[in-house]
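For reference, chains read A, B, C and D in written order, and residue numbers begin at 1 within each chain.
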Amino acid sequence: MRNVTIDVKHVTRLEGHGNLAVRVRDGEITSLQLAIVESPRFFESFLRGRMYDEAPHITCRICGICSVGHTTASVKGIEAACGIEVSDQTILLRKLLFFGEQIQSHVLHLYFLAVPDFLGVGSVIPLAATHPDVVRRALRMKKLANDLCAAVGGRHIHPIAMHVGGFTHTPSDEELLGLKRRLEASRADLAETAALFKQLQVPALLRDTEYVALKVTGNGEYAFYDGEIVSTKDPSPTKPADYRNRIVESVVEHSAAKHCRSPQSPSYAVGALARFNNNHGQLHPAARNVAGEVGLKAPCRNPFHNNTAQLVETVHCIESSIALIDTMLQHGLKAEPCVRPQRFDRGVGLAEVPRGLLVHEYMLDDRGRIENANLIIPTGQNLANIEADMRAIVPAMLEAGSSKEEITLRLEMLIRAYDPCISCATHFLDIEWVD
Amino acid sequence: MIAERTKRAARPSLYEPVVARIRSVTKQTDSEMLFDIALPEGRPLGHQPGQFVQVLVPGVGECPISICTSPTRADSFGLCVRRVGDVTAHLHGLGAGDTVGIRGPLGRGFNLAEFIGRDVLIVAGGLGLAPVRSLIQYILDERANFGRFSLLYGARNPSELLFRADLVRWRERKDMNFHVTVDKPDDDWRGHSGVVTTLFRELPALDPSTRVVVVGPPVMFKFVVLEVLARRIPQKQLYCSLERRMKCGVGKCGHCQVNHVYVCMEGPVFTYGELKAIREAFE
Amino acid sequence: MLDRVVHRTDLSALIDELARTRRIVGPVKHEDRFFYEAVDRAGRLDLDFTYCVYSPKAQLLPPKETLLTFDRTTGNFTCHPLYDERPTVLAGVHPCDLHAIKLLDHVFGAEHADEQYLSRRRHMFLIGIDCPHPCTAGVFCRDMHAHVADSGFDLMCYPLERDQAGRTVRYGVQVGTTAGQEAILYGRVGTPPTPEAEQHLARYQAEKDRAFPKAIPVDSAGLPGLLAKSYDSLLWEATARRCYSCGSCNLVCPTCYCFDIHDDGALGGNGGERVREWDGCQLRGFAEVAGPHNFRPKPGSRLRHRVFRKGKWILERTGLPGCVGCARCDRACTARISLVDMYKQLAEEV
Amino acid sequence: MKPRIAIFSLTGCEGCSLAILELEDQLLAVLDAVEIVNFREGMTERAWDIDIGFVDGAVSTPGDEAEIRHYRESCKVLVAIGACACLGGINTLKNHQLAAEYRGYVYGERAAWFPTTAARPIAAVVKVDYELPGCPMVKEEFLRFVKHLLAGRQFRLPDYAVCVECKKRGNPCLYDRGVVCLGPMTRAGCDAICPTYGSKCEACRGIVSPEALAAAALNLRDQYHVPQEEVLAGLRLYGAYQEEKLP
């Protein structure tokens, strides 16, 4: 098979809209694009002129799945710009909320978006009939994560209680205790999930990739909320405010979307696997155990193993949530007023959201209004890398005599493995489809 | 919904309906159906003409409907229901053998003591015939206890006439003075046409002691009252029936309150004299 | 007349004793406001509270409750009423709210008794706490003769003595019912009142009388007359221009008891329930019927309806005041529409 | 026959579609009662013979416009879910800026490469049968909607303000703490979730009635001295802004 044309309009089981187009002529890839057709949203534009404390509420509307992540990066960016130091309690609560979202998002991705591929069905819906226990388990874990978010933030999608400077609500001891019990009970579900993933055949793909993530140096924790930028090619840490030294946004000829590269590589990857590759030593022991069980070893360069890394991170987040709740119960939570701004200036907030490194940068005027904003979303950073992976997969599969359908499915699986959150795309271009 | 511990109390809840069975459903017009309903063991409802019941369709809701048969008749009672919303639409979907919840009889009906031995004039417009039909039947069943009896009935057009079988029978009766009219006659209509007030021409002179009942839409109500008062009938002898939103039907939920009265308790039947003190009733 | 004198710790012990077979509900402080809340022991209550933002109405007529569950099978159904019969001690009810509960008792206990309300009420032990001075500015309980209560409680506690921190340390207790009597005897709390304590109470009451000012131009007996002359006042429409029709004034009011009933069916299956929920005459759809026709479409007529209910109609129907002057409605109104202001303006008009 | 359901997304964050998946406890019962035949975010299969279509997101490009017309043709009942679909949502913030400005700011010289229009609720383009507002849509309301539809009952949105739910929950009122909350003028149905978690209502479910909006204009200016532009900025956030209705 020398000529292949693959067109997938609106790749399914993705957050947002993406089109895939591959042209192979005489065994050579003549064009390959993952095009983002999500409507442009102009967040950076309409943030301008709004008050500083509105930024988290506005930017969390970038994406329903990672709204906690956006809120977190946003409050951190604004706080940096306002010289606000939040209390230890606030940080504890933020981390717990963050874990809630991490679990929620990973479970959703693993069970609803990825598992159907492995089990050869089109969605989770038929699984309700064929594998009811699997679906029930997925819903149970998702609900636990949701309730965790709700107890801290009011709800998971677009959290309410988290503001610049602190929280307007604190969960009660009873709520925390209840959640802790359920988190502990969920270990059984995690074990079953690990067992399920051990059975699944993960396609192989090895390509030299740079993995970029936040890292808390020293004996610090596995980075989600805090950290500096590192990568598998350049482990020296870069401060959040200097993120532009590590992330170069650029325009690529063949694609209408902005791509990202690093000083070291034309493309790089962020996300669960990137975090695992950089920070695996800081995982909770239970998570490390599961990594061993399912055979995930750092450095792992197979992007399909992003799912496996998500599973490992889910274990880490559950265990860390239990520890966080213990700390909270020990110290007791009290209502605290939100910390007020000291100044209005420039600030950068970074966070490792489920899909990878998220950047929120703000410039405020002297009345606290947003003058400029720059938001870099994980999926934007991964796009170039996804395309590079696809360029490696297609010739290899053609070589192996795979059919067009097999190639298409494999490419879709690859895209889904990155769990791209296309509705997050703040500055992707909308392109007209040309055949 | 509530995590509270709950159990059955010794006394019954006022919100618990009696489960009653529909014996038959008869189509009246395109939007009205007549339901014949029996309580368990043929128990009589024990109502007065002019009272109403709360009808429950579980899962949909409850609504007040006037009882349109006389307590002197049979071991069942009638409800004539116009389809306007959720509950009424679901009622229209039910058939013989189905069950509904019934609470009642509720409210204050016609004060029969006031009517007995007197001339009676009933003027009904549209669906207003339903609540007064119980009184009409009562008078006809106890005909000897009343004086001269006249009934004027108006509908918008012939297809909206209710209780057609009754209309035929009433017309044939010698012991009542019955006239019917439609606002907009069609080609087949042979009877009187025009608004209901035009039927007053067909009436003999009214005795000043006549008890008059007027039930119908607000506009009709106003013009009929003018006709009646012009014939020097005292306001306290003039009766009408009010409609309001109702939830509990027993003077608690507040929805049917009009100024100081609860329509479900002091009404739905009021004399015009009483109504005048209820200013909001005319707003 | 006092029946007992108890120390604050005795009162706590008494409540805890009662709570061996009952839940405890009473004022709990959150930031600087008090709310009725279920607690596990009396020590969590703050009986020196000023006022509770919400009245105890919610304890007797919950914002939302299931009246019946039903089960539908083809063409047939059965209904099961539900009751909340948890024995409860409601500790810390001010006289105004005791008056309000009396009104609720009357409304729900009268003709067509509401067993869902009454069963809850019958299982409620009420401990009143008298207020030595107005709980906050703007109240007009005195004008409504609701600043003192001589019945409607199981026990009534008069705060006779305070410590330096302003906490009541000694209460004079008056027994209102045999249940109250039994609780005192069974709990063996406090000491019999001495003549000195009686004098103390007399002094307390005299001081209280001076502490409660007149706040509106007429009292509860004069209100019906004032309102009768004000039906056509332009004040209603003028004031209502600011009214959101948000119903907050209704819902926080201890004497507003209007409700809605609706059905909630289960998804798939034949079960479901009939649910009662708070409603309020200020809400736009309150008097709306199918059609749709709204019998009270204008905010001005709704506002007038509420004020007439509070000041005139309930009193005339029940003989009990329809408003106890707690001013919760005034405080809850974010448009700052105030009964006190309206009464003052109406009095100036006539 | 189970009703055939589809879930579509236009310009938005897809949080409303996600909220359906977050019904966890009732999701299996919902899946039992209906047949989902088209849901890009959650499944590969797609069908176009649809009884009820739920759409989240606003119409903000010519592409969206074509899509929504196609959905309208394919669905017997069309339901707008979420603030974006019902009110235009947060996307409408750009409507208050000059197009050249907001496009150029994000895309620089290449702004001309792609088309965009003012963000609009979908009812501005096609007939919408029901709206379930909120940012995100309230999943309990979605469930109530589905139950009503399955039982053949008419679905109505609450026609009262958020304060009602706040009171039923026994929340302290934010005005009591000096915070100007938009609850009194906003349509309820969210169970007052924001005030319950200590945050002011931001009117994501839209204005409850013209009278309430008029009252707000008077009260916020006269009683709370909030400058008009701040009131407008607040109401613009989720598209609840209704310039023509302000007195």
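Going forward, a residue touches a chain if its C-beta (ideal position, glycine included) is under 8 Å from a C-beta of that chain, and two chains touch if they have at least 3 such contacts.
The shown structure was predicted, so the numbers you read here are calculated from the model rather than taken from an experiment.
Peer 1: If you tally contacting C-beta pairs, which pair wins, C-D or B-C?
Peer 2: B-C
Peer 1: With centres defined from CA atoms, tell me which chain sits nearest the overall protein centre.
Peer 2: D
Peer 1: Hey, how far is the Cα centre of subunit C from the one of subunit D, in Å?
Peer 2: Roughly 37 Å separates the two chain centres.
Peer 1: Just curious, how far off is subunit C from subunit A if you go by their C-alpha centres, in Å?
Peer 2: From the centre of subunit A to the centre of subunit C is 51 Å.
Peer 1: Can you work out the whole-Å distance between the CA centroids of subunit A and subunit B?
Peer 2: Each chain reduced to its C-alpha mean, subunit A and subunit B end up 66 Å apart.
Peer 1: For subunit B and subunit C, what's the span in angstrom between their mean Cα positions?
Peer 2: Measuring from centre to centre gives 39 Å for this pair.
Peer 1: Out of subunit A, which residues touch more than one other chain, so two or more?
Peer 2: none
Peer 1: Out of subunit D, which residues touch more than one other chain, so two or more?
Peer 2: Each of 151 in subunit D touches at least two other chains.
Peer 1: Got the subunit B residues that touch at least 2 other chains?
Peer 2: If we look for residues of subunit B contacting two or more partner chains, we find 59-60, 85.
Peer 1: Please give all chain pairs that are in touch with each other.
Peer 2: Here the touching chain pairs work out to A-D, B-C, B-D, C-D.
Peer 1: Considering only the defined contacts, which subunit C positions touch subunit B in the complex?
Peer 2: That would be residues 62, 64-68, 70, 72, 75-86, 107-108, 110-116, 118-119, 231, 257-265, 272-276, 279, 281, 286-291, 295-296, 301, 305, 308-309, 312-313, 316-317 of subunit C.
Peer 1: Taking the complex as given, what residues does subunit D use to touch subunit A?
Peer 2: 9-19, 21-22, 24-25, 27-28, 31, 36, 39-46, 57, 60-61, 63-64, 89-91, 93-94, 96-97, 101-103, 105-107, 110, 113-116, 135-136, 193-194, 196-199, 202, 233, 237
Peer 1: Mind listing the subunit D positions that touch subunit C in their complex?
Peer 2: Subunit D reaches subunit C through residues 26, 29-30, 32-33, 143, 146-147, 150-151, 159-161, 163-164, 166-170, 172-173, 175-176, 181, 183-185, 209, 211-212, 214-216, 218-219, 223.
Peer 1: Enumerate the contact residues on subunit A facing subunit D in the complex.
Peer 2: Answer in residue numbers: 10, 12-17, 37-42, 44-46, 48, 50-51, 54, 57-58, 61-65, 67, 108, 112-113, 116, 122-125, 128, 135-136, 139-140, 142-143, 146, 153-158, 160-161, 163, 167-169, 251, 256, 423, 426-427, 429-431.
Peer 1: For subunit B, which residues count as touching subunit C in their complex?
Peer 2: Interface residues on subunit B, with respect to subunit C: 1-2, 4-9, 11-17, 19, 56, 58-62, 84-85, 88, 97-99, 101, 243-245, 247-248, 250-255, 257-260, 265, 279-280, 283.
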